[in-house]
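This report refers to the structure that appears directly beneath it.
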Amino acid sequence: MTIVVFSGELDKALAAFIIATTGASMGMDVTMFFTFWGLNILKKNEAKMGGKGFKQKMFSLLNKGGTKRLKLSHFHMFGLGTWMMKLVMKDSHYPSIDEFITMAKEMGVKMIPCSTTCGMFGLTDVSFRSGVESIAGAAYFLGEARQSKVTLFI
Amino acid sequence: MTIVVFSGELDKALAAFIIATTGASMGMDVTMFFTFWGLNILKKNEAKMGGKGFKQKMFSLLNKGGTKRLKLSHFHMFGLGTWMMKLVMKDSHYPSIDEFITMAKEMGVKMIPCSTTCGMFGLTDVSFRSGVESIAGAAYFLGEARQSKVTLFI
Amino acid sequence: MTIVVFSGELDKALAAFIIATTGASMGMDVTMFFTFWGLNILKKNEAKMGGKGFKQKMFSLLNKGGTKRLKLSHFHMFGLGTWMMKLVMKDSHYPSIDEFITMAKEMGVKMIPCSTTCGMFGLTDVSFRSGVESIAGAAYFLGEARQSKVTLFI
């Protein structure tokens, strides 16, 4: 299975990792390819302003990323909805997104940042949390997808 | 064909049901797997506050669902855009989303709510309109997707 | 490969064309099927009010389309974010969305508007830029998707 994670919202990230870890538990080889806003999920929470030149630096300030900054795509409501969602998940004993990332890594899911958008946003391998694979291009993604039974764009 | 319906917006719901019913009319076996906001499409319009405990009850109030409450992802404009879209569809004699759900059911499309998000949001089989299959998990979805020629995440 | 382009945002359009042109460069047959807001990507920039009757005309005014009007799905910020994104792309010598459309055409990627949504929005073949194929229906899309190794919904 190959999953393109384009979106950087908490709910879409959860959906991606629920599917990825379920697939891995069923014995599937799973590759997640993170691009555009999806890269925010893998960024270090303590990330600082990055990129080269004024424009990339400004963009990195606007687009800090890290799992602590992920919002819901609906009902964010200035933080209230996202906070409630996290409470509801905790009460139901669901793993947090950080726990899902750790689980995915332990189950052999490959998490790969997209080189094209990394170049655009001024990101390098050091921008990401440990456990993330090396940056790779769209051709690598398509090579995996062509051999996959299931490919999703999230 | 297997379609994950993650989004709960009118336009994405229409796209999902247009593709599902077209597939069924071409003789394909079609499974739709509803998760997160997509569950709102299948909820009863007269649904009441549900869930256990204060947090799930609050969340269910914010996230009532039902086909009458679906909005466009663009141009909702406090209801004006969504209302115009429905008028344009009616003028062109397109089926409404309720008619699409009925058609899909009659054509043998399986509509399945995701157990993980149902658990998170405090939903059970009685939360959904008639014609909906029993709740099932992500492993069930992946079992169907692995055998599908086409899998979409909407 | 078959790509449904449902979204009409600059970032999702870029992702779709990066994947499509990469696939074509790897020797894959690529079909892009544009529906709902995705049709805006293919509309002429100088498009005028279209459609039949008052409601379709109003809708076409709200939903003008054309590559110059595409916005980011995040950080649009009244135009500032979208403008910065375009600057960042230019600085990094990435092709613009117009250049991607031309490249895709030259590489043999088929770009097809969806007949159902064209009918709904009052669009015809003359609404679209040159290089776009004739309008076709969801059955055509599914016929292509069934034979594809990779199918994405963007």
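Each chain carries a letter (A, B and C) given by its place in the written order, and its residues are counted from 1.
Convention: contacts are C-beta pairs under 8 Å (C-beta built on N, C-alpha and C of every residue); 3 or more make two chains touch, one makes a residue touch a chain.
Remember, predicted model here, so these are calculated numbers, not experimental data.
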Problem - Chain contact topology (line, ring, star, complete or other) - result: complete
Exercise for the section: Could you check if the interface between copies subunit A and subunit B is built from the same residues on both sides, meaning over half shared, or from different ones? Expected result: different
Practice task
With chain centres taken as the means of their Cα atoms, state the distance from subunit A to subunit B in Å.
Solution key: 25
Fill in the blank from the handout: Residue numbers in subunit B touching two or more further chains are 151-153
Exercise for the section: Please name which positions on subunit B make contact with subunit C in the complex. Expected result: 1, 11-12, 15, 18-19, 22-23, 25-26, 28, 73-75, 81, 84-85, 87-89, 91-92, 94, 149-154
Exercise for the section: Name, in rising order, each residue of subunit C that touches subunit B in their complex. Expected result: 4, 6, 8, 35-37, 53, 55-56, 58-59, 62-63, 116, 119-121, 137-139, 141-143, 145-146, 148, 151-153
